[in-house]
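These are the structures, in structure tokens.
Two complexes are shown next, each including chain A; its partner changes from chain B in the first to chain C in the second.
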Partner chain A sequence: MSDLDLASPAATTPSERRVALLALAWQAALPIALVVLLLGFAAVDSAVLTPGNLVNIMQQASYLALFAMAQTVVILTRGFDLALGPTVSMVSVGAALAMAVGVADGQEPGTVLLMGLAAGFALGAACGVFNGVVIAYLGVSPFVATLGSYNIAIGVATTISSGRPVQGVPDLFSWLLYGGNLFGVPAAIVITVIVGVALHLVLTRTVYGRALYIIGTNPRAATVAGLPVKRLLVATYVLCSTLAALGALMMTARTGSGEPNLGGSLSLQAIAAAVVGGTSLAGGRGGVGTAVVGALFVTILSNGMNLTRIDGYVQMVVLGAIVIAGVVLDRLRLERRG
Partner chain B sequence: MNAHASSLTARPGIAASYGRSLLGSIGFLPALLIAVVIGMSAVDPQFYGPINIINILRNTALLTIVACGQALVIIGGGFDLSVGAVVALASVVTAKTMGLIAASFPGNDALVITGGLAAGLGSGAAVGLINGLCVARLKVSGFVVTLGTMSATAGVALMITSGIPVYGMPQSFVRDFGRVQFFGLPTAIYVALIVLAVMVFVQRRTLFGRYVYAIGGNTDAAIVSGVGIRRHLVGTYVLSGVLAALTGILLTAQVGSGQASFGGDRMMLQSIAAAVIGGVSLRGGVGRVEIVAISALFLTILGNALNLLHIDSRLQPVFLGVIMVAAVALDELGRRRKQRV
Partner chain C sequence: MDISVEPPRVAAAAPLLELKGISKRFTGVRALDHVDLDVRAGELHVLFGENGAGKSTLINVIAGTFPPDEGSFHFDGEEIRHLTPQRARAIGISPVFQEFSLVPSLTVEENLFLGREVSAGGVLRAGAMRKKARALIDELGFDLDPGRRVDDLSRAHQQMVEIAKALLGKVRLLILDEPTASLTERETGRLFELIAKLKAQGVGLIYVSHRMREIRALADRVTVLRDGRHIRTLDAARVTDGELVELMTGRRIDVLFPAIPHAPTEVAVDVEDLTLADGSVREVNFYARAGEITGIAGLVGCGKSELVRAIYGLEPIVGGTVRIEGTPYDAPAPRESLTRGVAYFPANRVAEGLALSRPIRENASMTALDLPAFARLGLLRQGSERGLVGRAMERLKLRPPNIERPAGALSGGNRQKVMLGRALTRELKVFLFDEPSVGIDVGAKLEVYEFMKQLVEAGAAVIVVSSELPEVLALSNRLYVMHHGRIATELTGTDKTEQNVLASFFKEHLATEAA
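After this line comes the complex of A and B, so read on.
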């Protein structure tokens, strides 16, 4: 990460300082592009910059940011999770079913809420354990392993829900994860900020977090250095799926029902957001910051295009081009830095 | 990464190691395939009915063509997520072009069909060219580039059609090409066999094919040996785009209309699954298209069998997922055991 480069005492000669400044400029390029984008859309339609729409953008982005963070932790280790979208669907349906059972049993609202949360996180963690064990212990590539669990999770989600939305999500659940607010800030934003800060601390300040960067940068060195790479990988996939489960529960609270195709194309969207933000698929580079910036960028872009009434099909083309432009810029940034 | 494989083949006892590597490259896939075929034939006579067999073969043919291109890209060390979208784009472009030419030159079917085919294949080649240039020139990972072009290509296909099927192709294209049968088999099967034969030849006997293995196996070594990396990488992506477009055209001819809903994520994921189960290593440098074709057949028969067994269509993905992971995991474990020997 470049803030480390800047902080390093080696950057003292003029040329090194110039490189560091350049790196900083690249780092700031995307946030600046974000502001320009917002102002550009605002020039076309003033509704873009209203406080209501800004909160709306933040709220929309908070889900994608969570999923992008989930992808980022595994991308750091040179993996990715194609099963994230289906995991979201499965967790949504599973949690809704558990709560429906609780309600039918006549349980207390608090107990029902706990049942829903427990079922959701358990399903998410189970997905993570499956992915992690298959990848770390069976040596299957992340692509195939998560493509496998992609199919499995879709099958489970549609089977347990019979392919229909699961009704009966209690109000308390919806209030806690969607309707409520803290000092006027919607719950989704509050949760994402808390999780983001916590994850940032884990990635930058803990042995576990630093180990992820080592595994991604040089897996062999990580093994030689005595890191328990396999166990760390399993833990990371569990972390990824658990974050996805949290996002799924939040989205379920928003829709008020368990949806068997809630995840849709989220897997690739989340990878795209992370990559646009500057997370490197080669591993070892990225973090909470890149995930959040990427998610904000993608959300603002699609929000702005919606408000300026750009055709949905054209939006797909634009998003595709942005993804490619994002990695090309990232590549150039890397080459500049040498 | 492929140091293990090369040190293995460099050992003495060439005949023995050849036998082992043959077993390793084919694996247990044919055995599994035969088991499924025998089992299904015993359980349900419908399975070996001519209609079902033709159905299986046609679907296998379509998947094989896409998977051949995908396999080549993966052998070169890349990924092509855009193939599903290219199938859709080529279908739409072919149908639209044929409709346009037919409107200006009514009755001139030869011109209409040639123009449509050229446009369709051209659209696939164009997407492949963009993929290849981004990967080779800008050195961006194939996964992300094709993720981007996948979205963009699907968007363009939908823009062209607004999501509505495109009609107006000449009758002769649909009747005499798409739905005609030679010796009881649909055209798609012959096309797939030709593609497969050409691909086997390309992989084994041409410099391009050998260089793709070299690049995927060890890029640095290939560069040092003087292989023009860029050209060959671009070539793999263009070929993959063209083959995906060919599948789109075959689907269009069979159905009789151009549709932006053809292909999609499902076709893309299946093509990668077929390649990987067929022994193509995602690390690059390893894999043979004829085994990929067997694996495409296996995947198609598996889906067909699950249907015939009346297994809930919602549960079917679970089986596919488990079998896919199991196949690759067994393969990986087998390779590790061999390394220990």
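After this line comes the complex of A and C, so read on.
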């Protein structure tokens, strides 16, 4: 992935080469850590390395990878989306309600499916527009803005669902986004791979992606260079929330109902995965690669800890420590770079 | 170098402050080169020199901000080593810098007592501090409310707080760096009375100013610095304004400027009664023609930079008109300016110009991503981009010529070349250069000037804003001098001299201050 490729072959001076080597070591460190982690857990419990468990890990990781990608695009602009979790909850109940209405109306299964997807993506996009406008045009910091929309989204999700799961998600919906498979590969993995490849192309091959990295690296310079910074920020929050909405629909398909608490602690988990993977909270560094690696790392760690029967609360301590370590490493890298 | 120190006055005691052979280097730049200075108790000693002459480095050394590399430092007859700002204050050296040291969110009195709060057993004695603050402010005759937050105050009032802060406690040597820059006539009068009182009490003063009238009114002696060197120390009563200006500017042979064949044609940019929202530019009229370099000179804060930034769309305009080739251009914005062929090259390339961790290629094409050569339907054409940027950087002699390196790995001169590369990636008619040679070495300077020459020859309108007088004088065909947000004068032909530019600063001062 070229967005991971911080150690460019372009380094020419000795000090640049040293920095490049360090960056390369960092990039190699995580995949190696992933393998070591897998082997370590396998030594404790051989069930870790069975094909069934590996596919299970991939499937689990695919949701987190989507959410980490969602966070990555906004983290690239020096922001983040604390409201991602509640957005997921809101999209889940919204889509389920829309499909329930369709079913009650006696609509065709295909129409019901489309109603669910449309409602979910529309709600997601609306969250993104809200966050983006408040941040870009009203100048509110991403922290405060998305903390506000965090509460708003929780309120909306709980109100429209009366705080109870929304039943009646049709089978076609569950099959398409969860139960189905392509040549034996589960739907969740297929969708995440397709979205990941598409997002990677957007980030590396389009004017929008280029502008995103420039804005994240130096927003002032982006403005002076005539890039439409505010519009791009809104578009980025919309992209983030739309990806979150996709993840929400997939999770709704898995549970078979619209869940007002579905998002739970996803906001922070997704930020954690992105940062652990090497996305810089200082902006301008990271991409699909860092999001996917981070999501895999976090998922394998919790999968392994589950299989080796490490207590759930101890797992939280480990995850928290890893996120802090990821941020510290990011800072060290930035300092070395000067 | 001609150094002549005035013979000491008959009654003069040992100087309060005595510096000998002070030198200070910053990475590659010799900011001070064996400078001598002595200040007597009860004397006001003016430091005089252009921007970059070493005045602020010198007062920072005296205030303990950083140590000198060599030289001796005596205060009150004692040799001083390892001076820190805290220690300097403790022995009575009190600086008032142009950059304020106030905490905006605290009140005036909290700022006055910052770090030396009056307390009893760890509890602040607010009443005692307020009384003391009140007494000091009354004594100074400043119109200040000690209970107000500093960020609610005007710049002039903040300046008063800064002066009050310097005078709280024991002061034996007071350093004032352009203290009247933001004061009104009345406040300046107060300050002068205060200075007289301090002198009578035997306090020594170092006073940095460009203003002739103040030097005339206050100075006992004047030390002229140029290029980090001590030029002369003179008795203020025995020197004329003309002599001072001549000593300050000297003869310069540091950079050879290319001969630019100006061939002005039609007006490319003109502004009429332009006024900016922050008041930094007021009712300015000016024009720049294609085929010539139009210079804008002026002291720091005179509005020259804001003027060109407003044309490009970086400063909000509240009144007046901007026209590009005669067509009114309402509410300028960077994107639209580029589309109309106007480019701006910022003075601060790190803050406003470059995305340092991104490759040179991306930095150079940043302003051209709307062109079909760089992207179609939102998709980048990276092959074409590499070719175009590669050729542009080749033409600008980027060393090493690798456009995939991060811009942050480059020297100041090469960074400016990356910025100039933007000029070669799209069709442009108007080039706004803001301090084009700040932070770059002499060789790169020459290349920048050469580039401007090529632009002018190709029929572009080039506007150069610069605080370096020799630069704007040599490059421009017509030179505007700005002062306090207005155009003070326009100089062309043989009138375009350093003396005339400086004279217009001072003339303007006299005109406004005498009013």
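Here are some notes:
Following the convention adopted for this analysis, the second predicted complex is superposed on the first by the 310 of 338 C-alpha atoms of A that agree within 3 Å, B and C clash if a C-alpha of one lies under 4 Å from a C-alpha of the other, contacts with A are read in each partner's own complex, and residues count from 1 in each chain.
Here is the rule we use: a residue touches a chain if its C-beta (ideal position, glycine included) is under 8 Å from a C-beta of that chain, and two chains touch if they have at least 3 such contacts.
Bear in mind the structure is a predicted one, so any value in this text is a computation, not a measurement.
By the touch criterion defined above, A:Gly148 lies against chain B but remains apart from chain C after alignment on the C-alpha atoms of chain A. In the superposition on chain A, A:Arg220 makes contact with chain C only, not with chain B.
In the superposition on chain A, A:Thr158 makes contact with chain B only, while chain C stays out of contact range.
Chain A is touched at more residues by one of its partners, and among chain B and chain C that partner is B. Within the superposed three-chain model, A:Leu268 lies in touch with chain B and out of touch with chain C [touch as defined at top].
Of the two partner chains placed around the shared chain by superposition, chain B is the only one that A:Gly139 touches, whereas chain C remains out of contact. Judged by the document's definition of touching, no chain A residue lies at the interface with chain B and also at the interface with chain C. Contact residues on chain A toward chain C in their complex (touch as defined above): 8-13, 16, 205-208, 210-211, 213-214, 217-218, 220-228, 284-285, 337-338. The touching residues of chain C, when paired with chain A in their complex, are 314, 333-338, 344, 346, 351-359, 362, 366-367, 369, 375, 378-380, 382, 400, 402, 404-406, 408-409, 422. For chain B in complex with chain A, the touching residues are 79, 81, 134, 138-141, 143-145, 147-156, 158-159, 162, 265, 269, 272-273, 276, 282-283, 312, 314-322, 324-325, 328-329, 332-333, 336. Put simply, chain A touches chain B in their complex at residues 134, 138-141, 143-145, 147-152, 154-156, 158-159, 162-163, 265, 268, 271-272, 275, 281-282, 311, 313-324, 326-328, 331.
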